[in-house]
Structure formats: structure tokens, C-alpha cells
């Protein structure tokens, strides 16, 4: 009988240009959205209220784009990263259209780059992952990850490092079909601040802090059917120097994003992920804080603008002083995440 | 650029008669009800079974009134109580009609009273909160809360203490339209005890105990989008003498209410909240117990009666001896909650 | 006034042939399925994807059979096992048809056997439990449980031990109406292994490990409205030698079953439970591992086969060496569960 357990691909198993078909299509429902709310406490009105989404021209009820992202990401784990050493970065992420409760997502990834590391024990795999619903692309992003080799002596593949854009260009931002903020209800959404009220370079301390428990991290990660063993296998993790399960980085992203409501109440709709790095690992029991910086602005339609935002998350460190990397690019140990994205926001003057 | 973080109102910021429009409309779905069940384990058949609700003349599926209460309450927190010292009490709560999965709730609060405390450092704010669905009121209640002053030297507003009824009068109880218990299935609901089987003054020890974990308290509180930082910010709470996050009082109410199934199986439908006090804070890790006392009875229709019930919850103290306040009104430290409400119950003789 | 708290049946209260009508009908929704996914992380495609279920001829969305089992089991607890000493075993479990989100389940149990133990302090109660939706049986199983006597001096009932089949015969396996695997998408489901790829006697180490937290165990058990106090009342459990809440055995079953995806990707649809024993108690905080053995095979239609599988779960012990009972039938202390079931699996050759 053939072995039934797939040990997963090692670096030398990836072929440039191949397409990985990921398993387990997943229907996302209002139950998943309820759990997403309970896990992070997000308050952006599009995803909390079907009526609010409908009034903005969206299908009802619309799911949080990060729930879509984590679901698609989770599917890639068994094929891309079971033997990963580290998740290195994201780029060129675009949410091509909002996803409505009841849609079924599946995903594939194309291997777009390979680069062996200098010690020949591992290599960087670059994939472009596509999430689809009914054959239509709803999400596309590039991710690169450091993967162990099975055998250090395996020959290195031809080195190919893809060029990725430092950020999704404003012209390439996917504006949801029908999106119209001309009747946007600022009071219902929670604050009066519109596109015009944010300045490039502005920094916002989101003030609030949110502890994350082991049970919460596991519930979230299983909801996304992400099977990476570092998140679940405490028996094995007890032998790691940390002694702890690693919390899935997506939990940090979603927690920080929910915290960012306080200051970015109307920038609720994520349109694109420009870049992202998990700077330090996060272990449960600590409290996450976050701050944001406005990196850029773009006008998408008469009623819709977009902010390019940098979201920095920390553990057990409030962000009144905006903890950041130093001149040599090194982050303090409390910083967890450096995440760069675009979000839609209503324009005032329409 | 204007500050994007709202520090929230202090006592001197409230104006008698003003209406606060609360943010974030919220669509409640069968996903929220599933989480509510998982968080407390309630077994009252109206909310567990769409078919049972339908057989009693309710729209299907009907949501637990306390899920509605916590959702509306959560909306008020950023506007009413971010600078609160203590949540002092509830009165005149009425569930005007049941809420069905799929409805979107929003809320406003009117400031109906203000009273500075004698030390001039804080004051009591009285609000009447209204929860609505599609413009129709589904819940109304009065709450008063002790709020810090920004500046002790700020002048005191004219003192106005609203008169609230000690209990919702039986004639004012909102009976859900169409509610009919003439075909009530006592076996399916779990016990034979009807309206006629309860006597005023009767006390019931609910026997069971339920531990509450930090993760459960946080999941519940986020589900209600309640953002009070005492429930989440462990980093800051570590500097409090308790060193612990405070569990949202609504978790205690809902846990005790679910425990009260054992003895009040057929009094499942909360119609009104007469009064409520959180007597002592609750920290996760302890086990909640509860007992009830029948305070009053009322006949609402040929098939529907109502019990006025007092629900007392404790931590790590079984309730066989009905722990209660002493002659001077002081509660033992294990008592958490003193809650007074009306619930519908089938009459036997119809 | 009559006592409102039912202490539950003791051994001498059960009558051979009587039917217990269990309380609290329960509508299972996509919200319950979302929670089930978040609690265990199952990836079997029928239950993750409405589209996948539909392509196999099932109604959409189909719920995981173990969610149905735990829901029905939970209803029996107040009537069968509140005074139980131990849950001894399962037999003759048959999932007569898949259950779709939105169906309302209720349950009854017939007492089919009674046997006092030799020390006269307790007795074994055998029940056949039937779960129904709209009057139609969806699940039937036999369970036996050791129940305390109220009074050791009570006379023993006539001893009646029912004969139960050691396994559900292949001819008696309920094949879901319309089930058709002729177009089964192996890539979407996660592995190429079909009915023909498994051999009787084959053992599979499922490799992965999953920690279970107290909060997760409680959330799951409440979701099923299982009220057994050993799962919740930490105050009382602190006086037990273990000092700990017992985790509901169904959490172990579902966790091990979800882990078994890795190796049994296409054997996702449980059809029958042949036998099951909780060999040792499980306490939260430990990591569950699992291994499976193929006990038998059967051809059910041109496209559908079935595997009879033994699922063994352990705590804090990886299963590369297939930990099992010794020659005298004694299990090592790390083994939690010995569970025997049938699952449908696509045939390759159709």
C-alpha cells in the first residue's frame, strides 16, 4: 500500500511554473463571520451589518476580506509551507471583489520563484496564490517562504527571483463593482473622519489593547483550516526553546486590524495588501497593541477614496510613541507585524 | 489633522435630554445564536429550536433576548461608559418584540438624568437606551453608570434624577404578537412545571455550576462588540490591584440565566428587566452558581403567564443556602449579581 | 410546590422497555457547523463545502455526522447519565441519512437492558437512542452506562443484557440516498487514495497533534447542550483527586477524527459506529494524537466503498509505534479512545 501521509514538499520538490491545486473547497457562511467577529471584535460596519453593506452597493451579507484571506491562505499551507522555516513576506495582494456569505472558495498557487540560500540547507519559494469562487478570482497575492531542503546535497534549481511591486498602484486597486459611498452613514459607522481628513505621514495610535488566549488562537486557525503544526502541537512545541505554540500570524493581523477601528473607523474595506512581514513571533497570553501610518492616498471615484496604510502591531507595548524599526531596519522585540495595505474610505465632498 | 481617537465623554460632557446615536449596526444571524449557545449552553427551547418557536407563534428562528440585550448594550459602551468607574444599575427594560435571525439592530440613548457625586470627581449618568430593527423598537431600558469627570473643577450640571419604576408593571409587559402557549410541548421543553406550579416567595437552587475561562469571556464580549478595555487589555489590567481582566457583567447574567434552566425550564422567554446590580466583580477561572426567587406572578393571556424572578449569581459558592444580602443590604463577597426580571411561562389550564 | 430540580434517574428508576423522551429539540445551522470547524479543524470536503457535497449527490450544506451524534447524545444526558459513574460503550450506531443545515433534531431512548453490578451499588443501563428530524430517524445507536443506585438496598431488576452486533454488517450500512462518487474530485478532497488503496490490516499514524484547551472543551460541550456537571463545575471537580474537569469524550472522538484526515482524506463520511470505548479520561492542556487501522472493507455501489476503521487516540504520545492494548487487553495510560466505525470512500474504478 502506498504511504497515506504526505510529508509535504521540501525545497527541491518545487518546480518553477508549476501550479499547486490546493485541497478542501470551503463555503463561508454567516456562521464563519460570527466567529470572526467573536475572535477579533471588528466593528467596521460593512461586515457587521448586511443593511449597511447593501446601502453601499455591496451584496449582503459581505464577509470581511481578511476572513477570505485567511481561508485562502489556510488552503495553501499543506502544499507550500508544511516544511517552512519562516513566512517571509507578502506582496501584490488584491481583493478582486467582495465575497458574500454562502460562496465556496478554492485556491491554487503558481510557483513563480526559487532561490536556494547560501548555506544550501533551504531555499526561498515564491508563489502567487489565487482564491476563486465559482471559477472567478476573488483574491490574488504573492507570498514567499523559507523552506527546508530534504537533502542538503540536492542540486539547486536555477535561481529565479520574481519582481514584485513595492505596492499595488492606485490605478490597479480593485474597486468593488457597484460600490458607492455617496450616501455613506458616518454616524452609523462610528466617526466623521473622511478621506479628506487624513494626511500622508499622519500617525495614529489605536490606544486599545487586546489579549489573545491559546484557545482563541487555535479556534481562529482551525476556522481557516490552517494545519501548520506549530500552531497546535503543544507536545512537540514543549521541546522548542520557546516551549510554546506559535500563534498564526494572521491572528496578529486581524487583531491589529480590529484595534485600528479606533482611528480608522471608515477605512473598513481592505482592497489590497502591498506588503507584510511578521517581525517577531507571537505567543498567547500577551496583549496586542497597534498603530497606523498613512503612506499614500488615492481617489477612486467621486465618492470613494483609498488610504494606503501601514499597520504596526506590538505585544505588551502600548504604541503612544509609535515603536518602529531603527536606522538599520531592526525592530524592537515587542514589534510583531509590519503590514502595508490599501483600504477604501468615503470621500466627503461627493 | 483632527485627532482620530475619541477619548470618550466625561461626566461634564453629557447634556440632559441629548440623544446619543450609537455606531455599528449589527445583523444578528444563526451564527451568532450558535455562538451564544456554545458560550452559555442555554437550553430554553424557543431559542434552540426554530420548530418549537414556530409552534408557539414566533417567527423562526427567534434569538435569545439576552443576545439582543448584550448587542444593544455593546453599542452604547463607546458613547456612555468608556470613562465609567462602575455600572450601577438597570431598570425599565422591556423586550418589545422577539428578534429573528437576519435582523439588523441599531441603538440610541437619551440622557435622562445627571447627578454629580459629593466628592465632585465624578457623576452618575442616567440613559434610556433604545434598540431598533428597521426603525422599530425591539428593546428599551434605563441604565445608570458612574462616570469620571475630566476636570474636578468643572461646574456641576443641574441635578436631575429620573424616577424609574421599581419593576415593570404586569400590565406593561410586552407580550410577543401571536404568542400562544395553548399547544406548548412540556416534554420537549424539559419539565412539566407550569405557571400554576410556582408560588410567590418560592426559592430554587439551580444546583449546577459553570466555570468561565478568559477566552470564553473575551469571545462573548467581542461577539457583542463591547469594547470596554477592562475586559481585554491584560497589559494594563496587570497594574490593577486585581491584576486581572474584569469579565463583562453580561457574561455573568447569561451564564446564570442558562444555569436557571434547571428549575425554570418553561420560563425561557425574558420579557422585561426590572432591575439589576453587579454586586461584585467576576474574574475568569471561577465557577458560577445561581439561585432564583419568585417575586410575583401575572396572567397575560389565556395560555400565557409571567413570573417575576430574582436571579442571584455567585462565584465558587453553591447556592443550596441561597446566599443573600444581610439586614443592612450587604452581600457576601461571593455574590456577583442581583437581577430582577419577568419571563413568560405557559399556563396549564388553557 | 413540587420540587423543580430533577435529581435524575438512579439505576433502580429505569424500567426495561420504557421510552425516555429527551428534552430540547435543536435546530442545527451553518453557525453550528462553523463552530464545529473552529473546534476541531476538520477538512473533509463534504462538510467544508456545500458545492462539494452537492456534487456527490447530497443536500447542501450537509452537516458533519459527528455534530449530529454529539447533539443527539447531549439530549440524552439529563435522562440517562446524570448519575452515571462511567460511560461504558457504544454499538450499532447508524447514520441513517445525512442532516442538512436548518433541520431540527429531537431524540428518544428505549431502555433495552439492565444489569445490577455484583457490589449492588450500581448497575449497567443499556439504551437504544434514536435521533429524528421531522419524525424521520437520522441516527440510531446503543449505549451502555454504569449508573449509581439511589439506595443500595433497592431490589435488583430482572437482569437483561441485550445482544448487540460486534459491528454493523456491511449489508446494513445506510448509504445516503443519491450518494454518487463517480465524479468525485480527489484533488479538491486532498489526496488520491481510493477504496482500492487501503488494505485490511493497514495501520496509519496520523502524525499531527492537537492541544485542547479548557475553553475549547467547554464551548464544544455546551454547543451540544450536554449538561454533565463533570465537564463544567470546576469548583466541585477541585475536590476530585484529579482536581480537573473531565473533557467530554466526544471532544476526543471529534479531535481524533479531524486528525485522521491526514491519511484518510477521502474516508470523510461516517456511516456507522460499530463500537467505542473511552479507555482513559482526558484533561485539557494535553495534546491529542491518533492512529487508525483498517479492519474491513465493503463495496456499497459501483462508485461507493466503505472502510471499517479503528481509531485510537492518545494524549501526549505520538503514534508512530501505534500504541495499543497488551495481550491482556490493558491499554497504556496515554491511550484515550478505542473507536470502531465505517466510513464511505470513493471507488476508483467506476
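Order as written gives the chain letters A, B and C; numbering starts at 1 within each chain.
To be clear about the criterion, contacts are C-beta pairs under 8 Å (C-beta built on N, C-alpha and C of every residue); 3 or more make two chains touch, one makes a residue touch a chain.
Worth saying up front: this structure is predicted, and the values here are computed from it rather than measured.
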- With over half of the numbers shared counting as same, classify the chain B/chain C interface as same or different. different
- What angle of turn lays chain A on top of chain C when you fit their CA atoms, given in steps of 5 degrees? 120
- Item | Centre-to-centre distance between chain C and chain B (centres being mean Cα positions), rounded to whole Å | 36
- Note on the structure: Flagged in chain A as touching 2+ other chains are 29-32, 34-35, 213-215, 219
- Note on the structure: Contacts from chain A onto chain C in the complex sit at residues 1-2, 4-6, 21, 23-27, 29-32, 34-35, 78, 102, 104, 106, 213-215, 218-223, 225, 227, 229, 232-236, 245
- Note on the structure: The chain B residues in contact with chain C across the complex are 29-35, 37-41, 43, 45, 48-52, 61, 187-191, 193, 197-199, 202, 204-211, 213-216, 219, 262-265, 285-287, 289, 316-318
